[in-house]
Amino acid sequence: MVRFALFGAGRIGKMHAANIASIDGCALTYVYDVYEVAGRQVADLHGAKYTSSVDDIMTDPSVDAVLIASPTETHVDLIEQSIAAGKPILCEKPIDLDIARVNACLHNIGDKAGMVQLGFNRRFDPNNSALRKAVEAGEIGKLEKIVITSRDPAPPPSAYIAKSGGMFRDMMIHDFDLMRFLSADEPVEVTAVGSVLVDEEFARYDDVDTAMVMIRLSSGALCHINCSRRAIYGHDQRVEVFGSEGMLISNNQTETTVSRYSKTLSDAREPLLHFFTERYGKAYRNQVESFVNSLAESRSFNPNFEDGRNALIIADAAEESLRTQRTVTIKY
Amino acid sequence: MVRFALFGAGRIGKMHAANIASIDGCALTYVYDVYEVAGRQVADLHGAKYTSSVDDIMTDPSVDAVLIASPTETHVDLIEQSIAAGKPILCEKPIDLDIARVNACLHNIGDKAGMVQLGFNRRFDPNNSALRKAVEAGEIGKLEKIVITSRDPAPPPSAYIAKSGGMFRDMMIHDFDLMRFLSADEPVEVTAVGSVLVDEEFARYDDVDTAMVMIRLSSGALCHINCSRRAIYGHDQRVEVFGSEGMLISNNQTETTVSRYSKTLSDAREPLLHFFTERYGKAYRNQVESFVNSLAESRSFNPNFEDGRNALIIADAAEESLRTQRTVTIKY
Amino acid sequence: MVRFALFGAGRIGKMHAANIASIDGCALTYVYDVYEVAGRQVADLHGAKYTSSVDDIMTDPSVDAVLIASPTETHVDLIEQSIAAGKPILCEKPIDLDIARVNACLHNIGDKAGMVQLGFNRRFDPNNSALRKAVEAGEIGKLEKIVITSRDPAPPPSAYIAKSGGMFRDMMIHDFDLMRFLSADEPVEVTAVGSVLVDEEFARYDDVDTAMVMIRLSSGALCHINCSRRAIYGHDQRVEVFGSEGMLISNNQTETTVSRYSKTLSDAREPLLHFFTERYGKAYRNQVESFVNSLAESRSFNPNFEDGRNALIIADAAEESLRTQRTVTIKY
Amino acid sequence: MVRFALFGAGRIGKMHAANIASIDGCALTYVYDVYEVAGRQVADLHGAKYTSSVDDIMTDPSVDAVLIASPTETHVDLIEQSIAAGKPILCEKPIDLDIARVNACLHNIGDKAGMVQLGFNRRFDPNNSALRKAVEAGEIGKLEKIVITSRDPAPPPSAYIAKSGGMFRDMMIHDFDLMRFLSADEPVEVTAVGSVLVDEEFARYDDVDTAMVMIRLSSGALCHINCSRRAIYGHDQRVEVFGSEGMLISNNQTETTVSRYSKTLSDAREPLLHFFTERYGKAYRNQVESFVNSLAESRSFNPNFEDGRNALIIADAAEESLRTQRTVTIKY
């Protein structure tokens, strides 16, 4: 039985809490949040203790592991403290928005970095898992192209934009990791373009809301990722892997499989699942199970700290390419 | 080069004329129609001669074959005259609405019945051909079920209804033949139900506009056919063959493969192809090519007079079942 | 909080137990099963008490409701005892295989029949709910046809066949109820055909494994249902509602939405979800939530005892039609 | 009646000949080819005259228009001669592989450039037409993204590669034009990446077989195009237009709409249409009809010489970007 302390009782924290509480082999012991009302509510719902003291958690031997879902700027400190306390960590992405801070953290924790599983939940999405398995099994022969479409249903509020780190570090970072996961290869160079077409608020923060990148992998395979901060028909999440022997597409998802026929259309489905918590609900759950199983079986975590760092380096390179209008070489 | 005389310059006749004129290896020589304006128009369009005299055609040695697309009640006479004149025949379905007349015709023409190819064009539809080929190749193992959905986009005018012969002889007869074609088996018994739900005009003629039948084949396989005289979303033509090793579905067709995504729907296609001339355009064309090739290669016609007679017998049995509310045994 | 006692710790009982344990607003208190090992295992898993005494449950005031998932022949007694004990009931279908016993039960419980919700879980399937809502909202105009395809992935073991009550009472009874639910109409007459094509074991018990029925509803609308005891590609569960203004289809479901392209095929999906517990997992869960909510809000249960009785009467009529090869009138 | 002279009796020439011969309102008068056997065969098939003399055609007043489907290097001369002879031209793309020669040609023909319709047949594909109509009608709101996937089924022979002008001028030029057609906007800058993954033969000619580009349009909308010289599952031709109010996708096409279900898969379609002559058969035909109708109604040709020149300029810029690894500004 893995007894978790959860940091952060916001939207994602709540979902993690529900998963921990209902997955066999783990339990929720503590909920930490600087906002007592929010923290206590989540704790009460699942019969856990609320605390506003990090130390309470770090010093309690009954806490077997921590799940960090608090704001990004707290991640590094909590990782370092958890490692010092000997508690394995499932940490939401990103490690930090600043690669210098990530590097410093890595310096501090050294080879204890292996105690961190990073929250790139999309690796645990059944569709993406199926794609990876097929690529690995050689089903499409030699991998030649990856095309990822990743569009949020609606832009976040201004306050979120201000602190997000920008399109590449906040949103496309998931897709950079997915590209690495699917290809088991590393990027060599990246080129990015972007526009503000959805919401002028993004321009205020020198950010973009519509972006495309092209990446060359070390094998010569090419990857295209395109992101938008708004897709009126729902959360558009498609992935295509193309190779010498075939292609696999991870198609979008709807709540039901009902299709409609009328005077004006045929075989129409409902709009796509809207929220990432619906679209990736299973992925979030599988991610916790994987963490728990890795602990139980003393296996390495996957994805790990290095995966989080590498994805951020790619994001930084994409950002630089957008600014300089040049192809940027990626060096980890 | 097969030189055709065409009987009938109505909607279907026009389509046949265009096919004959554009298919390699055949040509349109005569167009016959009791309405001179209609007949002459089709003849002129394709550089053929118009005639209102059946004899002109039967006595002209330059006519290699006839295509009968004139009203149903003329079919038997034209078949008998053409056979007497030694001219092979591609005859629109049905041979006649009255099985007694069909039997008399068969008596008259005897083993010359082999000179007739019957116009069950759906056997030549690429989808249906693919289904038959797969069944024949054992792709779905032992055939256990056939399900046919066959719905016209809109009900015909009252004058048509009056002379149509009813749902089973006019419309479902295509599906009875298709069932025989796909299964290469014969029906043992049929049960039918029907309602007037679309247009009260059908009730005036003691007909139905919405019908379902179930048929047991000699192998024990079961077949369901459902027909409607109106489907607001277009010409609904689906076929399913189910067996011990799998299933094949012949899905509906649209003009383009464009799909739409909006606030209210996803992956919506346009309404189905509306007219049978669009949906079965290739089938009508392939049918003429098959006739011409059979002639050239001295092969038997397929489907033939017997196929036309058998389908009518099934339709009569379905009609009887509808009237008597009993399962009716089919005897050819 | 609704505290449940569960009767039956078999395959379905286990699923009900997990649902009760994880749904907000209810809890699992007792598990009853004649096999102590099975019962105790389920009880332990969810922190409930095991008992082999029906009385323990009926006399315990802390039991707010019972869920009956024990063998069919025990349903009537448990219903009567639960009603006598004043405990509302969620009872797996069917009430009983013998309509005489169902009628006697109804006679015994009188207007307390309203305390029973019947386990036609498919009404709670999101696809079927969407269909009913659309029909009710008039989206397809006047309902004219229902077509239900219902095929199990693989035939049950011989012991199950022996006691199942036959294709119509065991399997198609779900579809009879679904037809009533979708149409909000009642059947007038039914015709059935059937064959043994899958497994000769069915013939031993005078049962069929492949069947089709046609039903006329009181509105004149027609319904076709076709069932098979084996579909090699998974649990084939499709529903089509067709009306004057359009059509809706509830399509099949797969675990992922990945499609495959290769030298021999394109856009291929994986086989359908195999087990009914996967395909109808949400339906089973929603069903319990509906029961709990109806209790909380003092609303009538839906579907109820009468729905269970009516579906059985339709099944009996279908069975009679199969035996007599005649259309059979349905009288509740 | 528009009487055509056809230059070129190769694979594409043959298709044009068949279209001209069967479209109402036009006829094939001459076929020119330097290879007499090939030219005479096509001429004979359609009852046209064969000639090896360009002058024969240019001086014959019975020739109303020319269709140029001869090798690329002959296009400019034939355009200039046809204009001098006063004959309108439907010219296969590209005008020439060398922009200097195209510019010289434009200088020579001046405002007579309007006599040329350029053979970007994909504008006439029913799918692409539907997309353009929807974009124009505002169906997807403000256009924000275009994503084009364009993959040939198999690489061309080495001799073709040697003279093709490379991926961008030979293959992606269609997609550059399609982007301009769909957006009714102009590109501002382009970035390209490419690899040799399919056939080392491409490396011999300093060409690539796998390429991706990103283009920024003047509106800020972004376009991604990805091409491959081989897709084992057929001719992969997809287009996506994405905007503030929705998305349209032009999906791939198969010969039939049959889907297959088996132990290992469900809803599988056959491989995509393999050859461009099948996939774009209607587009080629519609293109000739548009040309003939524009002549008949004295409307401007669309696409025209300028469209051909602009697409080549984009291709040159993409090529330059590939070489320099920089984003290249496009100036017509």
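When the chains are written out, they are named A, B, C and D in that same order, and each has its own residue count from 1.
The criterion applied here is as follows: a residue touches a chain if its C-beta (ideal position, glycine included) is under 8 Å from a C-beta of that chain, and two chains touch if they have at least 3 such contacts.
Remember, it's a predicted structure, so these values are computed and weren't measured experimentally.
With chains reduced to the mean position of their C-alpha atoms, the one farthest from chain D is C.
Set side by side, A-D and C-D show the greater C-beta contact count at A-D.
Chain D has its Cα centroid 57 Å from the Cα centroid of chain C. Centre to centre, using the average C-alpha position, chain A and chain D are separated by 42 Å.
Residues of chain A found to touch two or more other chains are 232-233, 245-247, 252, 260-263, 270.
Interface residues of chain D facing chain C in the complex, by the touch rule stated above, are 232-234, 252, 254, 260-272. Those residues of chain B lying in contact with chain D across their complex are 22, 126-127, 130-131, 134, 139, 245-253, 255-263, 270. On the chain A side of its complex with chain D, the touching residues are 141-142, 144-145, 147, 149, 151, 189, 191, 193-198, 210-214, 216, 220-222, 224, 226, 228, 230-233, 236, 242, 244-247, 325-327.
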